[in-house]
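The two complexes that follow have chain A in common; it is paired with chain B in the first and with chain C in the second.
The block that comes next holds the complex of A and B.
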């Protein structure tokens, strides 16, 4: 008997989605945190400025990055708390398949909170956002999520055996996400203003794609050793 | 089936295994006994591919570690102190997950049979969190045997079970492991003697003695155990 990697990948993603559907712990925590953060930013920035469009992208993506830390921190928690880790690690699953499953699930969780946060950010901070601009931000989210989910999944797995994982994850992940937040905020700013600046937007998208590719290469080179040594 | 040579391992500078050699032929059931800290669970974790040894070699059914680790994993069924199932999933969801990870064919029928064998068919769609410890451990046994492993590695699977639960597990383990090679770590000398073909005692990271289970009665086994640990 040998399982195809596709079947193993589907099984691992389905398992995480089933756990989330049952417990509603991760996405709910991320969404509530992001919601509260947006409201705080609205009081701190939105009421002091007639037009906060210039800082909207930064606020939205800083909030998403911080919410991502929460989501990454929850990764591998069921396996640790319910002592399933050995049962999963002893299965003949390539470690790369485990990483890809984590990336897909984190990507979906981020998308779920962006559905809430991006429109809220537009309502709070942006004047005259165009439907075209919003559609482009949705595309940007797809690339930026990958650039967040890959290092997130890698760090979560690296710290799975660490006692100080609640400290390790934010301390290592947030600096790694700085270029992603800068590019995602820049890309958002480029299309949420009164005029869509497509060239600038595409430049930021390319930069995010390069970030995602670099993180993927690092993860590919290291992940086999992360869980086995 | 299992061939271990010169196995050495240490945790934080403390040597746990010190050049351990062990051969387990196919189809044999071996009980590994010994005092706490003797290296039993470390040995099992290494054979289960959960730990990389500092020294020595391990071979399971011709697959030598580390190159053959993935082949070996497909042949291993591992059950520890805990059932290693997700508490927030149902037994059917847990077994489907592990069946997919191991590439089990005809999975729906296999899940049905496995749950029936451990008496959990009626609770197939209840979250495992609502189960007693014994019920969860029975599910752990179903998980362990779902892919028909040739080698069962059992690390004190009776921990935390009451007498009824342990008796039930005896029967389930015996049925599940009918055609498999078994290496079972236990502190229960009587169970080691009655369930297994051979009893191996590990002390200070090495095999202290190795006897056929049928050749010794319980008092003799207990006396040898006491003598070795004195």
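The block that comes next holds the complex of A and C.
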């Protein structure tokens, strides 16, 4: 990526982060929603014992996936509300740079809620989690976030030109996130259980990396056509 | 000027007629062969006969989604309406075939296991995910602005087809593997006397897919011609 492309990317990421820092709308809503969803899941699962390690990974990642839908739904919303969407689209910035900027911002938003949700999930559901296991889950989050952020950014860009955008996003994104949730929950379970199962964990991480790579390739190949205006 | 009404129905294009006849013959042969001629499976009994349709329609649905993906790629490169018509028709037929896969699989599960649905059946769960994935295609197309419907449909067809193997694999790593395996990496896990009727059934479903796509493409073309005529009529009057 050339120096000017790098500058454009930094400017776009800074714009979105500054907007979020001023309004604190998206991340706050995502974090609160994730917290509420986690509590609801706990009661819905119906497990009342102290140690719910067996379902902890599933609850944490189902919660993060639902919160991601909320964050993805907010993508492009400030531009639309301030009526500057067409201004952004006619700016001499390659579409690919716009996509990468959206992916980075979504990745950071997800990381921000995981800093809250994952430790809380461990406190709520897991007995005697090892620091090593928690560090491995942090690594897993980094890969899983990419596998969520890329399809999120691609599908959000299509939904912005659709009627009933808020309804379209969950219908489009959640089926695509099922493989990511399955692998991330499996990986979390592998290291938060009574013993760290490293081989199993690495297998799940590899699958998440494949998911992220496939979504990146599809987004790279098609994104120019999404914002072809 | 006298206005006359032509009540004769226009003849279907020859290729659609030929495909329709071939589909009817193959499907008829498949029904007779699978239910009457093929030997009964020693382990599973009569319920195994549904596999001639269940596996064939599952493979045909994947072919349909593959055609939808290729049509999407060609549409994005060339922008011709024909490829959009082929893409949307293929996804439509693929979705119907996937629903049939679930229904036939569920009937088999009831016969073999005594329950209509098991979450540890890898293929049933995978096809459920695929149905959800492709149902969203029509939600997106229906909700997109009219001049973007074809483009977004093409992009989503490529995206969804790329997500299909991920869905299959993720369910496989999440579940135990108890579904009988008809096809392995070493080939078909059935004797020749069964395989021949399976191949006839598969050919029938693929031919039916081609017929339905051809009919749908023709119908969409006729719809556009009708709309053009209406616009011209409104313009004149």
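Quick note on the criterion: the second predicted complex is superposed on the first by the 218 of 229 C-alpha atoms of A that agree within 3 Å, B and C clash if a C-alpha of one lies under 4 Å from a C-alpha of the other, contacts with A are read in each partner's own complex, and residues count from 1 in each chain.
The criterion applied here is as follows: contacts are C-beta pairs under 8 Å (C-beta built on N, C-alpha and C of every residue); 3 or more make two chains touch, one makes a residue touch a chain.
Note that the structure is a prediction, hence the values are computed from the model and not measured.
**Q** After the chain A overlay, clash or fit between chain B and chain C?
**A** They fit: once the shared chain is superposed, the two partners occupy separate space.
**Q** Pick one for A:105: touches chain B only (first), chain C only (second), both, or neither.
**A** neither
**Q** Touching A:218, do we find chain B (first), chain C (second), both, or neither?
**A** second
**Q** In the overlaid three-chain picture, which partner chain does A:15 touch, first (chain B) or second (chain C), both, or neither?
**A** After superposition on chain A, A:15 lies in contact with chain B alone.
**Q** For A:52 in the superposed arrangement: first (chain B), second (chain C), both or neither?
**A** A:52 contacts neither chain B nor chain C.
**Q** Answer with first, second, both or neither: which of chain B and chain C does A:191 touch in the superposed model?
**A** Touch status of A:191: no partner.
**Q** May I ask for the angle at the C-alpha centre of chain A between those of chain B and chain C, rounded to a multiple of 10 degrees?
**A** Seen from the centre of chain A, the opening angle is 90 degrees.
**Q** Using the superposition on chain A described above, determine whether A:82 touches chain B (first), chain C (second), both, or neither.
**A** first
**Q** Of the two partner chains, chain B (first) and chain C (second), which one does A:92 touch, if any: first, second, both, or neither?
**A** First partner only.
**Q** Report the closest approach of chain B and chain C over their C-alpha atoms in the superposed model, as a whole number of Å.
**A** Chain B and chain C, overlaid via chain A, are at closest 6 Å apart by C-alpha.
**Q** Pick out the shared contact residues on chain A: the ones touching chain B in one complex and chain C in the other.
**A** Common interface on chain A, chain B vs chain C: 228.
**Q** Report the residues of chain A in contact with chain C in the complex, numbered from low to high.
**A** 151, 154-155, 158-159, 161-165, 167-168, 171-172, 174-176, 178-180, 182-183, 186, 203-204, 207, 210-211, 214-215, 217-218, 221-222, 225-226, 228
**Q** Residue numbers of chain C touching chain A in their complex, please.
**A** Answer in residue numbers: 76, 129, 132-133, 135-136, 139-140, 143-145, 148, 151-152, 154-156, 158-160, 162-163, 166-167, 169-171, 173-174.
**Q** Residue numbers of chain A touching chain B in their complex, please.
**A** 1-4, 7-8, 10-12, 14-15, 18-19, 22-23, 78, 82-94, 228-229
**Q** Which residues of chain B touch chain A in their complex?
**A** Interface residues on chain B, with respect to chain A: 45, 48-50, 52, 69-71, 73-74, 76, 78, 80, 82, 84-89, 93, 96-98, 100-105, 127, 143, 147-148.
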